[in-house]
Amino acid sequence: MARPDDRATDQLRPVTIQRGWLDHAEGSVLIEFGGTRVLCAASVQDSVPRWRRDSGLGWVTAEYAMLPRATNTRNDRESVKGRLGGRTHEISRLIGRSLRAAIDFKALGENTVQLDCDVLQADGGTRTAAITGAYVALADAVTWMREKGWVKGDPFITSVAAISVGVVDGQPRLDLCYEEDVAAETDMNVVCTGDGRFVEVQGTAEGQPFDRSELDALLDLAAGGCADLTRLQKEALAS
Amino acid sequence: MARPDDRATDQLRPVTIQRGWLDHAEGSVLIEFGGTRVLCAASVQDSVPRWRRDSGLGWVTAEYAMLPRATNTRNDRESVKGRLGGRTHEISRLIGRSLRAAIDFKALGENTVQLDCDVLQADGGTRTAAITGAYVALADAVTWMREKGWVKGDPFITSVAAISVGVVDGQPRLDLCYEEDVAAETDMNVVCTGDGRFVEVQGTAEGQPFDRSELDALLDLAAGGCADLTRLQKEALAS
Amino acid sequence: MARPDDRATDQLRPVTIQRGWLDHAEGSVLIEFGGTRVLCAASVQDSVPRWRRDSGLGWVTAEYAMLPRATNTRNDRESVKGRLGGRTHEISRLIGRSLRAAIDFKALGENTVQLDCDVLQADGGTRTAAITGAYVALADAVTWMREKGWVKGDPFITSVAAISVGVVDGQPRLDLCYEEDVAAETDMNVVCTGDGRFVEVQGTAEGQPFDRSELDALLDLAAGGCADLTRLQKEALAS
Amino acid sequence: MARPDDRATDQLRPVTIQRGWLDHAEGSVLIEFGGTRVLCAASVQDSVPRWRRDSGLGWVTAEYAMLPRATNTRNDRESVKGRLGGRTHEISRLIGRSLRAAIDFKALGENTVQLDCDVLQADGGTRTAAITGAYVALADAVTWMREKGWVKGDPFITSVAAISVGVVDGQPRLDLCYEEDVAAETDMNVVCTGDGRFVEVQGTAEGQPFDRSELDALLDLAAGGCADLTRLQKEALAS
Amino acid sequence: MARPDDRATDQLRPVTIQRGWLDHAEGSVLIEFGGTRVLCAASVQDSVPRWRRDSGLGWVTAEYAMLPRATNTRNDRESVKGRLGGRTHEISRLIGRSLRAAIDFKALGENTVQLDCDVLQADGGTRTAAITGAYVALADAVTWMREKGWVKGDPFITSVAAISVGVVDGQPRLDLCYEEDVAAETDMNVVCTGDGRFVEVQGTAEGQPFDRSELDALLDLAAGGCADLTRLQKEALAS
Amino acid sequence: MARPDDRATDQLRPVTIQRGWLDHAEGSVLIEFGGTRVLCAASVQDSVPRWRRDSGLGWVTAEYAMLPRATNTRNDRESVKGRLGGRTHEISRLIGRSLRAAIDFKALGENTVQLDCDVLQADGGTRTAAITGAYVALADAVTWMREKGWVKGDPFITSVAAISVGVVDGQPRLDLCYEEDVAAETDMNVVCTGDGRFVEVQGTAEGQPFDRSELDALLDLAAGGCADLTRLQKEALAS
């Protein structure tokens, strides 16, 4: 069964990472995973939230949102509805946790980086594109802080990247587009560090429950995809 | 390194499942995993949400909440704050998805079961206790519906149970209590069907990222724990 | 006309008061008035709200809520609706005022006790059960504070207990169950001190307005019921 | 101990009732109890709320609010805060219940009257002025409906009026102004029908609990005050 | 084409300005433009908002609201809906900006005046009546502050007044009543200083776009109307 | 006094209009006025809001929002705050009104176009860029509807474009950038039709009130700027 865009089962969609897409943000990236397009902005503050003060430790946090017409049919704005939906909350928390895994908060000092990931267009994998792009924006923001002398050493323990995997038509596949995502029996989002360890594994049976061998196959695919993305992040940061 | 309550690493805390704890609900269970105590109530309706009408299919949904003094220090009520927190949203969605994996919606017919999981006391593992107890409450509600003739066949494809696992002091452990939970390097919640397949796998590196061998060890522990819980659910339903 | 459970018109339903129902709260009580079951938790803080600071005076406040399936048909959660209903507000305020009548705030010092009254099951009289149980939880919390040395003397001026009364089928009755409550022409909630004086009298004509003689009969019944509850509170605290 | 305005203990403040204060409302009254000034508007609809449809019965409901500078110091608007306070909720419910006691809903037919009571200036007794004025506005709105042929017979069972009473300096007094209200040991609001029966009795010990004899004295004062107000309502409606 | 009330096209409706309508507010005005009736209250504080502290500068701000039955059909309360509408926001901001144009904040010192403009009855032009009345209330509040010694010099640079103009039936008209307002092709609100300069010009094509000559005619009318209002404000303040 | 970017006082910043920036929306434009970058998406529906049904008339509405890091310092999200700010409300309403002036609703038929204008980067003039871009997105959406046969004739009466003007350092200038906007004494937004008439004129004195001659100079500048934008819109739609 061929994929909608004829990719190999272990092949990423075309990935582009444009740094410096915004003039004001200390770090900003427009990242594309195929038709998915996410604007990631990093904003720095030389202070930390109240509950973290006088700890000597920094903080990284994230917010995720989608423009109303990012998708095929328009979604009402959460600002107009007056409340955040559960999905938004959940993904914002996931992005924040994932990026925090890359950071030594002692080395960051009492500074905060706020990551805003706004989906301009959605075609599956928005949360994984957001994490992958937010890492690059965070890296640029940290460079900005080191240049200003806010941060002395290197606060990065590792890098992080994320990819979705899933079982479609009984076949494990990497980096599902929207059409595959809605058809998937199992859907998993995996966040890895640059050295191939896991930060988050979130697998959900959408249709049939999955057994251990399917889980293993998906983890293998995801580890490979994250390694590819780690390489692309490095290239983007080197350019 | 001994566990706080001297359990073996693959041993559950004492589990009690009291059915019929409420007079009015069509199914109700007070479930305890050690000091964690969750009241699960199943409410039935002979209709489905608007978006599901005339589909011939039923629906199962869930809401999770915690009493303000379930924990060691009091938490403000979300009703008073006027908005649900991200954690509440996330767990409610997890419980709903997990229970839906057990149900054949065609066999359920156009009926809805709403599961309310209220944590009266929290000592780690509240979401897994909620899923495990909600399954029993759902089973009782389905029996009620079959007795009333609302449902003809058996809508259960399988049962579901859930448990937390984690790496504490470098050691993979089953069913973390609160003290272990806050100390865990990795924390994973696993939902399994009665026949040992996976419905949800949600692993998070709290401290160090985890490698594949740790992940494998945690999955093994969780599968064993869920099998124990499946047996306890059967016993409770048989009594 | 016999009562649904064949009680005498001046007879309380079976009352049980279980202290220490929660492990963490400084005071906690599960109180039952027949089928009505309310969990009362007292949480202490060694500070007072901002508007009370540096007054040398303590504070006692309360919040009341009902689990969604406490009643015969499920009610939507106020946390999900995003706002507190008028009834919840009103009862929370009543409980707070009632308990404050028992306390000498100077003797309490600049400490706060927050009382959470959560109705696990409702069969009429939830607010009166909440007040009666909250007093016992408050007493245990004060004992805890005295043991810690937060409070030196005895901050209790008196005890408080509460009961509902009403006119059903033309007959004044004590402690209405739900079935009687919906049928009552007049419904009154009365809060008394341990020495038989009134803290709150809230009478409402649900159907016919009531005259002075009916009012007098209801007040007599309520005073007797509160005296019985005062005795049961003492027994519970002595055990 | 003389009262601030030298009134007798059983004497009302000057009461004025101006009908037709608004051009658009089907009934409208500007009522003054001394310095307390409440604008009561009655709006009619030839339909009832959804839960009341096809019952043949009408409905009366009320909302109470206070302008931000009705009081000595400015209060923030509830519309700006985004939520109604408990006090507002409580008084709105009280006004609605009180007025409904005057109406035969069958005779009203499937029509609704919405009563809006907005406090323009507050000097104690705003809720009782609101009830007393709302009755007159309701009477005018019913006349309007009868003239239009929406209502055939007379839907009034009785009239309603309300007054506050309290114990100040150990002395039971009628119709407390703000200065007396804040000094009161006991504060009671009483709603009576035109024939002297009780619709609501809400007594609260602000300082000392009160005994039965104080309660009796307050009820006597209130009954007298409501009789005076009933007469003033009649005069206003006759003019 | 005659106007509904036979006014000349450049004629204001009868204007009344009653000062001191409230006992508590430092300045208060009940202003009427024909059937439009707005209560303007000025509340003073001897402090400024946090973002303005230690600037040596004062602040003036405003809130606009409408009672539910100010209009021909009842509008739901924004406090009950839990959010301010766009129109309310917009007009509140307009009033605040307009009044601030009259004030030298240095001369006001670190004091704040809050202007509350509540529409008791609406017949077109509520925002312009609000601005015109609020100026008088502000003037009285400033006098109060000068008497108390909070303010030394004269903080008024100028006065402000506002009027609506519009094109109805192809004819430019001053001070539209509601009937004209809904029929207007173009609707403009203009705020002028006492010396005839412009503070705000807000013109909107409701039907046909307008050309420069229509715009000029409307501005001429508005300038004349504001001059009339300036004179009436002076008379009111002199009385 | 030279402008920050050395433009002539009557010169627009570089304007770019990219059509089809989104894959899913029926019309979409990324418009840039210098550093200001707004994504305008048009979404169509073959129905109208409830209050407009069975009128034979269509509807056009708009929502404006700004990404949190569009500006120099980050702004909190309105979705997280749970309420829309007054500025957002005001601009959304302005955009909707402006676009509706271009449309013959009878020719549009009972179809709705929703315009979403999201500011990705802000450097002054975001609302005018939004209106100018939204017109082009609306034109594309109308073409889409005509191709689908939803719309038969041409619903466009005219085109609309908008520009800001202001007095900076005593000098009237066209198309203010952020640096000029904060320094402006007077700030005006003008919306014109393609044939040079006015749809909206919103002028505000930020510092000094303005006189008629300044107003005239600003209107002249704005009319010229809108004519330039009209030409650029035509070119973009022709390409």
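For clarity, chains are labelled A, B, C, D, E and F in written order, and residue numbers in each chain start from 1.
Convention: a contact is a pair of C-beta atoms (placed from the backbone, for glycine too) under 8 Å apart; a residue touches a chain by one contact, two chains touch by 3 or more.
The model shown is predicted, which means the values in this text are computed figures rather than measured ones.
With steps allowed only between chains in touch, the distance from chain B over to chain E comes to 3.
The chain with its Cα centroid farthest from the Cα centroid of chain B is E. The equivalent interface to D-E, defined as the listed pair sharing over half of its contact pairs by residue number with it, is B-C out of B-C, C-D or A-B. With centres defined as mean CA coordinates, chain F is found 51 Å away from chain B. With centres defined as mean CA coordinates, chain F is found 33 Å away from chain A.
Those residues of chain A in touch with two or more other chains are numbered 82-84. A ring topology is adopted by the chain contact network, closed into one cycle in which each chain touches exactly two others. Interface residues of chain F, counted against chain E in their complex, comprise 83-87, 89-90, 92-93, 97, 101, 158, 188, 192-193, 196-205, 208-212, 215, 219, 223.
Chain D meets chain E in the complex at residues 22-25, 28, 35, 39, 41, 43, 63, 65, 67-74, 77-80, 82-84, 88, 114, 116, 118, 120-121, 123.
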